[in-house]
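The following block contains the structure, expressed as structure tokens.
Chain nomenclature is as follows: A, B, C and D, assigned in order of appearance, with residue numbering initiated at 1 for each chain independently.
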Amino acid sequence: MAESILGKLGFGRASGVDKAGWGRTLAVAVVAFIYFLPVLFIIFTAFKPQGDALLVPPTLSPTSLFGLIPDHFVFKPTLENFGSVFSRSMTPDGAPEATGFDRYFFNSIFIASASVLLALVIGTLAAFGFSRYPLKGNDTYLFIILTTRMLPAIVVIIPVILMFRVVGLSGSYLGIIMLYTAFNLAFTIWMMKSFFDELSPDVEDAARIDGSSGMRVFFKICLPQVIAGLAATFVFGLILTWNEFLFALLLSGPDTRTVPVAMNQAVSSGGRGTDWTLLAAIETLFLIPVFLVTFFLQNHLLRGVTFGTVKR
Amino acid sequence: MTAVSSTLPTPRLTAVVAHNWKLAIAVAVVVSAISMAGLPAAVSFWVVGAAAALVAAAFTVNAYRRHYFGALLVAPAIAVLFVMNIFPLLWSLGLSFFAYQANQQTIRFVGLGNYVRILTNDLAAHATWGALINTAMFVVFTVSAQMIVGFLLAILFSKQFPLRKYLLILVLTPMMLSVVASGVFFTYYYDPTFGILSYVINSISGNQFILMSNKVGAVAGIVFADAWMWSPFVMLLVLAGLVSVPKYLYEAAAIDRISSWRQFWMITFPYIRGLLMLALLFRTIEAFKLADLVILLTKGGNDTLTISYHLIRIANEQNKTSEGAAISYLMLFMVIVLTNLYLYLANRRTQGA
Amino acid sequence: MTAMTKVKGLATAASFAATLLVGGVTYASAKEVTLTMAVPDWPPTRIMKKFFDEQYKPKSGNTVKLDVDFIPWPDFYTRVNASLTSGEKKYNFIVSDSQWLGAFVEGGYFRKINDLIDADPELKATMESMHPAVLNAYSTYPNSTPNYYGFPQFPDVLVTYGRKDVLCNDDEQAAFKAKYNEKLPCTGEEIDAMDWNTFEHVGEFFQRKKGDKLAGQVLDDDFYGIAYQAGKGYDFSTSSVHTFVWEHGGGIWDETKAPTGHAEGVVNSPKSIEGMEHFLKLLKYMPPVVKTGTMDIFVSDQLFREGKVAMNIDWIGLGEASLDPKTSKVADKLVFGLAPGLRGPDGKVNRTSQIGGQPFVLTTWTTPEQIKEAVGFVKWWLSPDIQHQFAAAGGQSAIKSVYSDPKYVTYRPWDRAWANSLDWQKDMWHVPQFFELLTQQQDQYDLAITGKQDAKTTLDNIAKFQEDLLKNDGLIQ
Amino acid sequence: MSTIELRKVTKRFGSFTAVKNVDLSVAAGEVVCLLGPSGCGKTTTLRVIAGLESVTDGEVVIAGKVMNNLPPEKRDIAMVFQFYALYPSASVGENIAFPLYHDGISGAERTARVNRVAAILHLEHVLDRLPNQISEGEKQRAAMARAIVRDPNCFLFDEPLSRLDVELRQSMRGQIKEVLQGLSKATVIVTHDQLEALTMADRIAIMKDGLIEQVGSPHEVFAKPANAFVASFIGTPQMNLLEADLKTFADGTAEMTVAGINLAIRTDAAVARLQPGKVTIGVRPRAFTATDTGDRGTISARAELIEPMGAETLIHARTAAGADIRVVVTRSQRVKVGEALNLRPDPRQTHVFDGAGKAVRS
């Protein structure tokens, strides 16, 4: 009995090409929905009127679903909070003023994508180097690179701030982008190296014999084969960079501040603790770009990860 | 692998040529040591930086003259890592041997004094050890919870079924949330007056339920939130492993009438082991750094202070910079031991089986 | 395209890129002076910036610019600390909690202003016009010495927030009278006269379960009588425990008595233990969140605004949200009074309280030109007219002529408690070891608050730690 | 009684029909090869038998029981996969032992059986190694050992030799045949290699586009192909298929135009049933005799390409009308490029296929 349940779950036979029907969809939908609930609650909170955020019992749904849900669990959805993200009154009885969040969103998108792409470029070159021209003690170097991810950011922050000040990078885009690039490099190099390791060397050798230069081999032969890996690395890097907080707090200036830092505006909102609906609205908006990127690169994501690590 | 067609002779250590990186290192080490010991931090910083640049330049010239294309490919990455990561890390490593507070202008060499202090001093050691034990506990609980939940989720998604793509993205969403927002919302979920959890349990039991009022509850609350956020990461890696298993192996197993349990250990597990290891490695490293959720949910109350939070207090709030550096190198040492242990076990299994 | 235009194009593109990357480069004309200021992001600082832009800047002939970096409260210290200690030298003015003075003065970041005061009679007059408790707390390091550093930005005290609809209900009044043989405080004056016993009775009296009646209405959720900060974060239990310890005649380590003053025997004196036990006794009447050790000033404020408690003791600085119907379910039911005190055997109420609020300070790298403008700005800011406007917009003023003006109490409902409260405000340590002292003390208080150890053990542990630490650092002989 | 029986089995994947109305029976002890070009549905047929694919229509009967809805594990069959499907983390010995766990066989018995089949297939020295540490041939034998270690209803082989090199393939063919003979089980082998099928099978089922074109002994399918497809598929070099225009038939001789030449060829008497019109003439390359002089019974062509194949020589010749003809002659017959040839088909080996490609045979 237990075994047949295990079997049905796919415990033994778990192949991606295996087909299952709508029954499976239903079962997984229940689990996925429960898993998603805390996020859904945040998204719903973004649509609640400000005073409804802390009602007891909590309001759980924007609609009564034709009377299915009792009235005291239903809230009246509003878009007001999304407006407040960008413009609201900052002083008692004051007129609404711009909060700067348009800038913060732009900063987040610009900084995250620029640094992840830069890390991808530099890291892919390095990964190719590590993979094709292994040095003596290659593994040691790679491990040292990994250790840069192991220390809490707080340790390096003072020298970095000092460095930025003298070079004039504090509060600039370039500084924070370079820092994030370094922050992403370890992961990028580890991922991309494993992809290059998996490539069959035959084609490259053939291309070399045909007289292609190293650059040509890299761009025309190797790179196209690791597109999925690049996509997977991009998504992982994006997710990790998107929500980075400490470096952003300490190294960005008022003009280059990112959303995770500015988000605390809503956590301690104008001297009155958490503005729940505002925080939810910011988070909901902030979720959209990375959600879309992940969704559209989803297929690459699975393929990329697999490709990189099969046979390891 | 590479045919190095170079006849450039290795220079003697003392030869002053641009590609003599050994000399560059020697000069850099001596100059850095002297400047760190003798000059104020703000000045020695630049001396050390210049020394590092000298070494990097020597390496590059050396690589170029010898046609080490590998080295040239790797150079930009190493340069960025060096400036932004390794150099600051070395700087704080150096600091950990000095008595230095960031908000004061004095600096004094104390050797291993900081390490001795954080491990044995009456005022400091108690917190360090307590935090280390708590961190070990969180590493065990959060990582195992993530591995188990992530694994089970991956099993659920391992087959093709209608709408799979849409359901998968739902499960992936938690790891895209910012820790601030999700942490703050978890304080709400757990709140005894306003929160959903207490509301549901109160309605059923009739008594006031307060999750975070004792250590068990507080740890459970933190572990749950962390595992919820990061299990999708494990799931993604495991899922990738699962879909890479050749289908014919399962067909053979069906024909050989092998039980599901045995199929898992014989077929599935070997294919996902590498990815599980990778997930384990990355999650363990992150679990060691667990601080933000603790700060948001308990402020370290109910004996949930982690080493990373302790470090933030020491290095940031109290500005005991060099003591903080010592703590972080203690952490680094432990993470390195642990990850090497993982890698060792993983490799031993592969070779021994 | 000729080669030359190509080069030009490239150069333009490059400089554009550089501007984009390096960000906010400002080209200031020679006469212009920019004062850069790090402030927490909340109404008092927003108002300050607004007033500056509307009034001071035009007055100065648009040559003085105030560049304000609004930093969200939760990260304010982290950001400021990192900026200062890294030598970034970015800010001229910094809003600072008074307790941070020691650490940053010793580090050479905050500028002593005695020379400025001496050189400028007007400024001297301004400083003298301030309430001495505020001046002492916000400006002096070492504490209570004539070494001045800061100017008040937003001074703050603890007051009692009350719900009229509950407190003044006839049924509740009668029941309370019957039970405790005293009047349930209802008006501001009655709350002013309230002592901790009455406050405790209010807590006990209003503990209601879901389904019970409150002021004639059936409750749909549990209700509690009192709320008061008792959280582990920052100073969210120190502020309340210190108040009780002082009122009971106990003490904290007194830096003004260094190096002969001790922590051992003072911090854990019987009187101090008595005070702490008194505070712990109140906790059982507070909402359940207090048992998690996270009842900070924001949580108790939120409970009050959501209508879950009858009384809350909190900073004035959090008051605006209670007044705003959008964020408060009790906006039209508010009553404010002094924070309670301890009634002595003589019937007089003894009050001593931890002061709140923040000064703003000048940094040492501020240039003489900037200092000139900065002094002008401070004088303008602390001038009675601006301080009146500030109070009217929701701020507080520590300038005697302002808060003693009869107009003052009309600005906000809590202003009636302001002037009196100033007299019994005290501050804790200004020494550089502030965060070490605070963190350990908060950890220990938390253990007591969540019921894991008694008051005596707690204060013994704190005393021992402080004695050891301060001896080590030479502050205790 | 046959062990495996397919009754009107059809398998569709969406709108694509992989197997159409297939009838096939395999008796105990009989080896049947499913032979056909790639994509012909032979592997699908095998997987349908194994239960790895469900049938859309028809019945799969194994050992007298309808198995349509039973999963593979309940069918009691053994299968050797194209990629061997050895469990990568288990040693060869463990791999071979796996099918035995289900039956609750004792450990000692398991070891004994594994050793026995290992001896049969010469695997004794690799039992402790992992699959990726042994050679291709050993993998193949290990996969086979795993199949024969127990006593199933039948054996199924999916392209068992396709991953081996030529020499190994030859020796394995023999070994498999030998092992199978000793087992006397119903066996189905899927292959695209006719030599494999011809050497190992008792009967061959030739498939194309999901249909079985012909089932018969190796001799039958070679000597009496049921249609033009089978005729061209079996035999190397490929049979010559020449478009012809049948005019008359009398006395066992057909008058026809082949490649623009009027011929009178002796053919099967059944040709009499045909109406004059388009037919296809099939002549195997070895069924021509080259004569010095042409007559109405010979096809004249010019040698274009000569491929010596050792004992014989393959000649590609072209008729005046442009038709290609392959001829195999013995080594002793020297032919030069450009030389004119008169080719006389052997009447007993001349196949006539009607307009639909069906063999016309009495």
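Everything that follows uses one rule, which is that a contact is a pair of C-beta atoms (placed from the backbone, for glycine too) under 8 Å apart; a residue touches a chain by one contact, two chains touch by 3 or more.
Note that this is a predicted model, so its numbers are computed, not measured.
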Find me the chain with the mean Cα position closest to the mean of all the protein Cα atoms on display. A
Kindly indicate the chain pair that has more C-beta pairs in contact than all others. A-B
Farthest chain (mean CA position) relative to chain B: D
Distance from chain D to chain C - Cα centre to Cα centre, in angstrom: 91
Just curious, how far off is chain B from chain A if you go by their C-alpha centres, in Å? 17
Chain A and chain C have mean C-alpha positions lying a whole-number Å distance apart equal to 37
Chain B residues counted as touching two or more neighbouring chains: 42, 102, 193-194, 253-254, 258-259, 262, 267, 271, 316, 321
Where chain A touches two or more other chains at once, by residue number: 54, 56, 158, 162, 263-264, 267, 274
Those chain pairs meeting the touch criterion are A-B, A-C, B-C, B-D
Taking the complex as given, what residues does chain C use to touch chain B? 77-78, 81-82, 84-87, 103-104, 106-109, 221-222, 231-233, 287-289, 291-294, 303, 306, 308, 432, 435-436, 439, 443, 446, 450, 465, 468-469, 472
What residues of chain C sit close enough to touch chain A in their complex? 20-24, 41-44, 46-47, 50, 69-70, 72-75, 78-79, 82-83, 85-90, 220-221, 298-299, 301-302, 305-306, 317-318, 320-321, 323-324, 326-327, 329, 393-394
Taking the touch rule as given, give the residues of chain D at its contact with chain B in the complex, in rising order. 50-52, 71-73, 77-79, 81-83, 85, 87-90, 98-99, 101-102, 130, 146
Applying the document's contact rule, which stretches of chain A touch chain C when the two form their complex? 50-51, 54, 56, 90-94, 157-158, 161-162, 165, 168-174, 177, 249-250, 253-256, 261-265, 267-268, 270-275
Taking the complex as given, what residues does chain B use to touch chain C? 42, 101-105, 122-123, 187, 191-194, 198, 208, 210-214, 218, 297-302, 313, 316-319, 321
